[in-house]
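What follows is a short report on a single structure.
For clarity, chains are labelled A, B, C and D in written order, and residue numbers in each chain start from 1.
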């Protein structure tokens, strides 16, 4: 998949456009959440939707996340396709019971009779100088919940395409939007915006031979930058963008690591119990005899997300990624 | 640590005794939850406490888990040591925001000025024929939340000792009680009940040389049984009981795997995004050149917990453990 | 401009906040009456349609028998658990009868009887409690949401569904059932608030049976009544004798009509009692006295109906017997069908987690398939007298 | 015994459920008055103690200046974010003054002024919003809980703390602040219910400023007033003009006294308005009109107090100037101290996650230590003109 260079847009704009197009095409798509209407969302992703489609299609709800998700479940039961916005990652926690005990299980509980085609958009991660509770990376919770599809775009084109696919999915999707990429700009093709790989497909964003960097969402730009910087050290690094954590594309990831023989998983979420453990474990299960070194992880520290003035020390950056690559036992 | 054979008791009784002794010794210990008073809890763990210590020390709360944990936070802020009972694992989810955004972070947020010495007891796991929502294994969520200590006993002696330690801890502890071991009976020493290893220490429950089974809670008996059965196949399996997932005892686990050169992680929780990924990854990081085969995992399937009539197919049993051991590349 | 410039000495003039922040509604019509609404045993009962009385009676008697049968099935190991609604049959039956064909029922674990009274096959209604695959029925076909176990979590579903139906222009009403304990959960609050703000066509029926497992109402709330909670959401609250099937039927009927006509949601509190323990696994003697139970037996919903029918000469011994025989026949049918082992397909574990299985689930399904095959082979070998090893 | 045996024909006798299920309390005393309580600008104001009026005025003026100063600091990059309470100073100040030394305040992100008015150093109060280490003060020392961001989650904390204090025999009252939007959250409901059931000495003050960010009250609730929610918990609800510092002070004072004397919790709704945007990052013109803002400016809490003081001849230009100078001096001090870079220690990231660092955190701390050392070395080398490579 390549993005035909066309109109440059920010990721936030691409997401807004995806919502608009989905609503225009399918009258059952409803957007709901806190401040998504008149204000257009605190990140302005839903800007203009209430004006274009009316309050009933883009609804400012009362301030209660379990209620938002719970009513969205009921709406989906009646055949609508609700797209819920959670204002920030940590403010999705009040809806955790609805998500785990209902959203994730309704299809299974009804033997497929009642699927819930709903999308929960959650801005996640740090790097924007947010105060407490505004920078959590909560993907580990969603990954560990069978029944949820967990998607996270890292490029502008994927933001559009994956959000459209998520809304079209008959299964509930937790759609994680990397906050600090909201303002990232890229050219994309508004003529063929859906022309991205399907959910469940990882993509090699940079081919390389020395080692594989496995990453997603906010850490993709970091890994691409690290791969460039790594050339000075003599490394030709491959970068795999997972795009969805569930389903997980074992085939693409394992094929890359078998080729390179070394891997580092990079994410912003805390390391302990985070996605990296799962990824490292499954890569190792599949590629053990191809590995020259253990799969290493570069992750946020195992601490509550730090305040703005200290977050740079927490976030995995280029240096930390390259340090990890350096520890991949090159002498053996 | 050895348990002096003395009075046999069930795990539920040992837990109840631990609560009683803690309350008797320390007037700031308060037990609270749904049905913990007059009824003595649905598993009868708190039986007799309200009678002995009064309703103010063992309190039947209104039916609202976020409220229970939230008020417990306030009580801990004032210097009490609340011990909260969640009736079943899935019914702890309504309290998720309180747990993640407050319980886990209060010490950090106040630079240590206000620690929260509270214990959240959660009966977890399946194997008791429970209907929907009564058999979840939710430890992955708690492991991925920095600031929480996550403890789970597998023996009667540990049930007592670890619960006492948890209540005495100045940090919040999620204390996971394996439901299907509530009625497991063992001799323990009521004279020196506190004589168990501290939280954060894994224990080798069975020494062996062929491979290490890394496990905890409800899966310990399965692993011990598998180790016995494995003798017929010529395997001498070591079994490590983690006892706490946080802190994680890297030293004991890695030492065992370095000795045996092979490892299988066994737990009931779903595999994908479950504790096993983290454990396998960190063992591999530490023991890579000692490993004859990748660390394998035997876990519950990545599905909502099945209904009573099908749960036996889901739960990791002796055969599945031995199958995994058999795949540890013995020929190479 | 300072205040000094604006005005001279003397009393400051009164200013008031702009009108938007002023109270907008008179609370009086939202408040429940002080006494629970009753019909049976009052002069009003004389005006109750005999056909309705007979219908309610037949359903309530069936319901009672269904409850005793289901409880018996737990003893025979045919149900994993049964939360009985014995004593609460008037609410269950009235809930079912209040709804039209296209309306939706949102039951909790205790409300299988309401689903059965609405026409669901009792074997399907009991599928989940049997320990078999969940729900057992297609919710859309019967317009009955899956039995809900996490307390109060089905209430926002009911609100969302009712709201969606209204947006679509369908005149569908959703009726959601919850217990007194469930009213303490945050989801109760959020659901009622959404319902009122959206003016959704939904009716909330609280079956206040005085206990949440062992916890009595006094430890659950300090409110005058649970129906008083309505005013805080801006919807009417009604209080009704939940053992009086005619009264519950009437109050529910009014609320459903109001909702259908665009009048918005209603909160109804029905005062009732569960005569059985919380479930078959519970020991109710730990938390309540026999005297209390006996007092409620004197106010049994079956008794109230039979008294009225008898008093008005609308039924005789033969009529009563006919009703009981019908209930007995249904119970026998249920017993017989529940005594057949359900067909179980372990591979179904992977069938409906997602629309399409992930590669991970395909791998896991293959693993289980292999295990089951090996198991079957070992069993076959054992049956042949051959020596079976570990699969 | 069948019903037939029990009685003959005729009207069925009335039976009623046992008394425990009957309404227990008269709701009338719990209901708020239809009109918000006001003092300023009414004849009652004449009886207000001049010292109190002066005190409130000085604090409210200080508060206003504090708000403008803090907002200015966001523009200079000295605060990461500031949710201003401009327009709500009467509530903030009254909340602080209502509490005794040993009482506890539970503020939200918007309530730093209440903490400052209670005596907290404003630099400490703003530590979190500055983007520095959290809280900035020892909550136990000041009896001010950490500023709370997840809406309504601090309310159960206040209840638990008040309950614990009462169990210990301490006559401590907790005052919890929440916004109109926050009342929709489940935690609001659960907290109020626990408070009422436990009869905990806690007061809930809802600052109803008409908006939750952009969402107006009409999309938040359909209740007559938010104060009407009280009756559903069995506690009294009070409605007060939140811009009338005297009225808020009085209503809060009564509720605090009631709580302290064992009378249980109170819910108070104060009608107010934030004259600034939600935070410096918000654009309020997207969701409200200038006219609305102007209408509220005419009902500004500072104005109401100054009008009263002036009308009663309790202050003159010199007095007003003295108050403003004091506020200005405090603002200058705050500005100066906030313009100093805080001392930051990156290794603190690991200090307080647990009482004792886990081995994992020790490893991670060592990693960061090494990185920082390498960084420092590289910087030193760069300063020496030496060539620095990647650390």
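The rule is simple: a residue touches a chain if its C-beta (ideal position, glycine included) is under 8 Å from a C-beta of that chain, and two chains touch if they have at least 3 such contacts.
Composition by chain, UniProt nomenclature: A, B = 3-methyl-2-oxobutanoate dehydrogenase (2-methylpropanoyl-transferring).
Only a predicted model underlies this, so the values are computations on that prediction, with no experimental measurement involved.
Colleague: Considering only mean CA positions as chain centres, point out the chain farthest from chain A.
Modeller: The most distant chain relative to chain A turns out to be C.
Colleague: Please state whether A-C or B-C has more C-beta contact pairs across its interface.
Modeller: Most C-beta pairs in contact, of the two: A-C.
Colleague: Using Cα averages as centroids, what's the distance between chain B and chain D in whole Å?
Modeller: Here the centre of chain D sits 38 Å away from the centre of chain B.
Colleague: Between chain B and chain C, what is the separation of their C-alpha centroids in Å?
Modeller: 35
Colleague: Mark out which residues of chain D touch at least two other chains, giving numbers and ranges.
Modeller: Touching at least two other chains: 133-134, 150, 184-187, 189-190, 193, 197, 219-221, 348, 353, 358, 360.
Colleague: What are the residue numbers in chain A that touch two or more other chains?
Modeller: As it turns out, chain A has residues touching two or more other chains at 61-62, 64, 66-67, 90, 93-94, 97, 101, 108-109, 132-133, 146-147, 246, 248, 272, 302-304.
Colleague: So in the complex, which bits of chain A are touching chain B?
Modeller: 66, 90, 93-94, 96-97, 100-101, 104-105, 108-109, 132-133, 140-141, 143-147, 246, 248, 269-270, 272-282, 284-285, 288, 291, 293-297, 302-304
Colleague: Quick one: which bits of chain B touch chain D in the complex? Just the residue numbers, please.
Modeller: Residue list for chain B touching chain D: 30, 56, 61-62, 64, 66-67, 69-80, 82, 94, 97-98, 101-102, 106-115, 146-147, 149, 169-171, 200, 246-251.
Colleague: Could you pull out which chain D residues touch chain C in their complex?
Modeller: Residue positions touching the partner: 2-4, 6-7, 9-18, 20-27, 30-32, 34-36, 38, 40-43, 45-46, 184-190, 193, 196-197, 199, 208, 210, 216-225, 228-235, 239, 241, 243, 264, 271-273, 292, 295-296, 298-299, 303-304, 306-308, 310-311, 313, 317, 320.
Colleague: Note which residues of chain C are touching chain B in the complex, please.
Modeller: Going through chain C, the ones touching chain B are 80-81, 128-134, 149-151, 181-182, 184-187, 212-215, 219-221, 286-287, 342, 344, 346, 348-350, 353, 358, 360-361, 364, 368, 371-372, 390-391.
Colleague: Show me the residue ranges of chain A that touch chain D in the complex, using the header's touch definition.
Modeller: 34-35, 37-40, 42, 60-67, 90-91, 93-94, 129-134, 229, 272, 301-304, 306-310, 313-314, 319-320, 322
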